[in-house]
Amino acid sequence: MMKLSKTFSASAGIKSRGSSLWLVIVLVRALVVILCVTTAVFFLIRIVPGDPAKMILGEYSTPEALESMHHALGLDLSLGEQFLRFLKILFTQGDTGNSIISGTSTRELIADRAPVTLLLIGLASVFAIIIALLLATLAATNKDKLPDHLIRIFPTITLGMPVFWVGLLLILLFSVRLGWFPVGGVKEGWVGTVHSLALPAITVAFSQIPTLVRSLRAQMLDVLESDFVVTLKAARIPRAIILFKHVMRNAALPTLMLFGVNLSYLIGGTLVVEQVFGIKGIGSLLFSSIAKRDFPVIQGIALYCAISVVIISLLVEIISWWLDPRTKGKS
Amino acid sequence: MLKLKGSFKKSAWIGALSVLILVLVAGCSGSNNKPAENNGAQSQSTNQNAEAGKPAVGGTFVYGRPAAVTSLDLHNQITANNAFAIDKVFESLVSFNSEGEIVDWLAESHNISEDGLKYTFVLREGLKFSNGNEVTAEDAVFSLERHLKVGGPLAIAAKVDSVKATDNRTLEIVLQEPYTPFISELSNFSNGIIPKDFGGVSEEEFFKNPVGTGPFVVEKWDPAGDLTFVKNSNYWQEGKPYIDKLVYKLIEDDSQAINQLKAGEVNGIESLALQNANEIKQGPDTAVVTNGSWVTEQLFFNTLDKHFSDVHVRRALALAIDREGLTNALTFGYAKPAISLLPTAIPYNSHDQVKALDFNIDAAKEELAKSAFPDGFSTKLLVASGNSTRAQEAQIIQAAGKEIGINIEIESIELATFRERFFAYDFSAMLNSGQADAPEANSIIAFQTDPEGFSKSYWTHYTNDEVTKLLREGQKSQDGPERAEIYSKLLQTLADEVPYIPLFYPDILKGVSSSVDGIVVLPNGSIRFEEVQFKK
Amino acid sequence: MSYNIILEVEDLSLETKQHHRLVNRVSFALGKGETIGLVGESGSGKSLTLRAILGLLPRGVEKVDGTIKSDERTAMVFQDPRGALDPLCPVVKQLSEVVRFRQQVSKKAAREIALELLERLGLPDSLKTADRYPSQLSGGQCQRVVIAIALACKPSILLCDEPTTALDVTVQKQIIETISALQKELGFAMVFVTHNLAVAAAMCSKLCVMKNGEIVEQGDTLDLLQNPQDPYTQMLINSVLPVPELEGSERIWN
Amino acid sequence: MKQMRIDPRLNRYGNRTSIFGRIWSTPTLLVGTFMFAVLVLLAVFIPFISPYQPSEQNLSAFLQPPSAKHWMGTDQLGRDLFTRLIYAARTDLKIMVLAEIIPFCTGLFLGMVAGYYGKWLDTVITLLTDTFIAFPFYLIVIIVAFASGAGERGIYITFILVGWIVFARVTRGLTASFRQQEWVASAQTLGLPGIRIILRHILPNVLPQAIVVLMTDMVGLLVAIVTLGYLGIGITPPTPDWGTMISDGQSFITTAWWLSAVPGFAVVYTGIALSLVGDGLADLWRKK
């Protein structure tokens, strides 16, 4: 038991990475997490008051109509039976059933809505990384001068800004008054989509940048103080090369972990931005499904979020291990 | 002044500076009070394909709606998101115009026998479905029989004896006993005419791409997103509809819908909150189209509740609420304070006869003194969250209650939980609205006074034999002064016993772009798009 | 001793932002090919003086007065070899990068020179074929790469900040011998910082004893060790365990 | 030769740096606490400052611009905006503080225990944190808000369920690194039971870092409360809350833009105050 548990806590022991045992352990852990999330969501949304049949048939629905709807949706079965039926559908068709409200299969719904959200998160992450790297480098290179203060003040202010408030301001200023960006929704075609996702992506990036800048700046300050930078400076190597080739890479590595956590938070976190910008993504689908108690869709989205978060944390762990020769070499 | 160390003094200055910039940004973002003449950054792109020259025929009208169309099965739907799509595809024998009067629609003429038992309808000449097939009386018979069989939320209340087609264009319906509201029941969207045996395809397949006589045909439909209609080339009204395409675009967030309208990305929005109406009205490229509605906003009491079973308590609260002030504060002139239960757009609303309990604090205190709780009590008011007008109504009622010693706690809960609670009669008082689906006094009154109805007088358990007797009589008596007398007596009793306090009749508000003409708003909230045209 | 002076430090004083005086009026001179040692406890300002000469003071430390007269090229070797190399960049690549910029040669030529330098410093030929990361080399090997990097700058003054302290004893001796051999061959002058008197005695012809950022005593190694004037120097010398090589070792610096 | 002062712990006033001395020398902490104190004082003394009650309506005077009588104008029900703003500070700050205490303590404790004991306990706790991170945050918030009914109770339950993770992760990392250090090992050799070691040795070292994280997390919590208000599942009317004030005011953005903007700035102000305190504490401890 001791040996297994030691290797089981994979994240603690860096030494055991890279071995096949580590891979198995991590996959098992991921599966356990996904199962916990799916089961928890399944029971949680059924305990919460509110009945999908009433949400479909509205306030004038007769008891008989409600009864027949419950039967049709299998909601009259006991929780246990419903859970078994859910697991059967999940493992046979890999889907969490059809949406109670619109009748389409959840997998289709998510497949149709996921690209927008993933693109939004992707764009936001690109914005966040670029801006964070620039700001951090600017702040780190001239510490305690004007840019450093400005950049240190920036997260302090933005930390307290609710995302929806930022979104509203951006829409009012850039879309309605200046008309540079569409107000909401997503236009057809690549150019249209990117154009309409630009503003929302900036809003999402807005919530990510403060933490990234702070961490990157701190890392960069440490790296700039380290001996090998002094060696390179002593060797009169051009500043730009030192900064971008050596310093940034060393600073980026630890921030990658933070970025991974931020990214996993984002999977579920874009809900508010999608509401404010009227983007029909996973977030707004989640919000309307919860409002309408569309159980299969809620479970489908929870599953999608759990899987993507697990994949992301896995990727981040592998990338940071692969990128860092100090660990790769050893095992 | 605190002597700040060098390095920090600079950042304090910068902090203040950046907050200042933020204020400026927010400042100029909210346009100044006078209507924004927004200095040429006019993003309003006149609708791209509105041809110049002859009356602008063609083009695509994009209509922003808060909920997606999930089903077009006309006999099993009632909620607005589906109803206002169904009435674009299917049309009924008779319908109603924007003033709420019954008019012949697919029927050329209709006749009701003296004893009110036999209804005869003659179909229009050369009427066609959207797929070009002839419309016959047999189709109408099939449609009505399917509705009678299915029942559904808007089941036909009249006791129908027989429905038969006497010839290719004539239809005869015989009732077991007279039921005056039957004609208005036929006028609502759930009695649309569909081809016999669903035009030969399965029921499920038929309702995926339905065939009807309506002005539009479904082209593309995502049950969790947008729906696109195209013009029905075989539509019986020549040359109409003028526009080629009608798009129902799903926009769930209200402010997002308003901003898309202002930016010209949609041509109209279905749900416009009362407090946003002026903003759209004043906008340079937007306008508000409105009409009296069949909706009455009300404060409902559960008459089994230990406090509200006492009529004096109900009357006291009714007298304590300043309906005039409430309506002005919350509805910006787009609603009329309520007197009787029925809105003015419904016939027999007897607004001039009924005397309501007007705002009078002293009378309210006297009334409470007569009740079983002279020195007040505390209770809870159930409200569905997410509707800011209703949240403010609750706060006004709370303040009114406090004036006379009734301590009201507002319980604002999410819509699904809200419905769960009042379906189970688990509330003392709640804010909700009564809505008619046809220009018929009986439609609201039956639903809110019939103790045998499944909702037991709209979940209030209000039972008053006298009122129930008047309700039945009203359903049987022919239209005319006699029926008016019945309903005014009924409505006066309701006004005296206040099982529910009618607060105001909100107008229907639609936000549209000012470059659009010919929008017809119906009292049930739907819009007729046949005459819609884009100005040059 | 009229050998020509290539480095002159006069009244060098360093202070932090909060005006803590870390180095106070340090002065010494260094002749061509000569080695001067800075000895003293840690925190006595030795390394800071080196950094001042290199011209790269750590953050928060400023030169408040005094002058450093030297128009010669300088390079530095650090105490922690692995810290002085970019962990994410293979050693040969790092070295060739320095060579490329300092000697303005093409990438390919730079790699050749780098490999040749590494070979001269006794690093294994395997580096020629497979480039390896600092984490995959031993402490001694890393220190050799750092020295190679320093030499690639063709310095006339080599600054060594306790290059052997972090290494184990056997490797220490090899590194010292390598550095002395290179000095003899290339003729660069050296400023050698250490708190180990034995190493200082073996390497340096002149010594400066530093305490709390000041030079308490300065002079030829032999005179200083045999009859130290300043009590602190005496205390330093007595604290050294009698190491046999002190008496019988042949002088390296003559 | 004058005696040099090179002991870094001595500051320029020559006396040994007391805790007060060091606080005095970190202005960020000072300004942050000052700003926060102003808000708290305002919130406490509002009944004496403003003559109005937070939910006192005046239906004839709604949506009035800022004037002498109403310093920040009135909202859509004629209530004085300034009074509501400060009473809302009472609600939001109270919830922010209360909803942080339990998660802070549990997170701290679990983190230390996981970091210290490692092995299976660490695995269980990391598994728990991963599961909660895999949960979309708003799904939990919305479900709990529905189950327990909107309002403060829902927010407390949600943050007790979710709030501890960030502290557990930070403290677990710190404790794991402290454990390697010699002085913890020596304490173990003396046979001190684990719990005493954690409380006597690890807690004082972990606490400062945890408090810095607490400050930033509190800002995050405040923003979450306000966002819930915006989504309509936060604090219920008529209790004043910045989130509901923003979403209510949002529909009058063109006619009375200050209705939404002012509460937004109040949130930003509190955010600045708390993160300044957080930064200040971090600088303070880094200097030690």
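As written, the chains take the letters A, B, C and D, and residue 1 is the first residue of each chain.
Operating definition for what follows: a contact is a pair of C-beta atoms (placed from the backbone, for glycine too) under 8 Å apart; a residue touches a chain by one contact, two chains touch by 3 or more.
Everything numeric here is computed off the predicted structure, so don't read it as measured data.
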| item | value |
| --- | --- |
| Common touching chains of chain B and chain A | D |
| Chain pair, B-D or A-D, that carries the greater number of C-beta contacts | A-D |
| Of all other chains, the one whose Cα centre sits farthest from chain D | C |
| Chain occupying the middle, per Cα centroid | A |
| Gap in Å, rounded to a whole number, between the CA centres of chain C and chain B | 87 |
| Whole-Å separation of chain centres (CA-atom averages), chain B against chain D | 44 |
| Euclidean distance of C-alpha centroids - chain C vs chain D, Å | 50 |
| Rounded Å distance between chain A and chain D, as computed from the means of their C-alpha atoms | 23 |
| Two or more partner chains touched - positions in chain B | 11, 15, 19, 22, 26, 29-31, 36, 255, 414, 416-417 |
| Where chain D touches two or more other chains at once, by residue number | 146, 250, 253, 264, 268, 272 |
| Of all residues in chain C, the ones touching two or more other chains | none |
| Chain A - residues contacting chain C, complex | 143, 224-228, 230-238, 241, 245-246, 249-250, 253, 323-326, 329-330 |
| Of all residues in chain D, those that touch chain B in their complex | 25, 27-28, 30-31, 55-57, 59-60, 62, 76-78, 145-146, 149-151, 232-233, 236-238, 247-248, 250-255, 257-258, 261, 264-265, 268, 272 |
| Touching residues on chain B, where the partner in the complex is chain A | 7, 10-11, 14-15, 18-19, 22, 25-26, 28-31, 36, 38, 41-43, 68, 70-71, 78-79, 151-153, 222-225, 249-253, 255-257, 259-260, 262-263, 265, 414-417, 419-421, 423, 432, 447, 454-455 |
| Residue numbers on chain A that touch chain B, as the complex places them | 48-51, 54-63, 65, 99, 101-104, 109, 112, 144, 146, 149-150, 152-154, 156-157, 168-169, 171-173, 175-179, 182-185, 275-278, 280, 284-285, 287-288, 291-293 |
| Contacting residues of chain A [partner chain D, same complex] | 1-2, 5-6, 8-9, 11-12, 29, 32-34, 36-37, 40-41, 44-45, 47-50, 152, 155-157, 159-165, 168, 172, 261, 264-265, 267-269, 271-272, 275, 283, 286-287, 290, 298, 301-302, 305-306, 309-310, 313 |
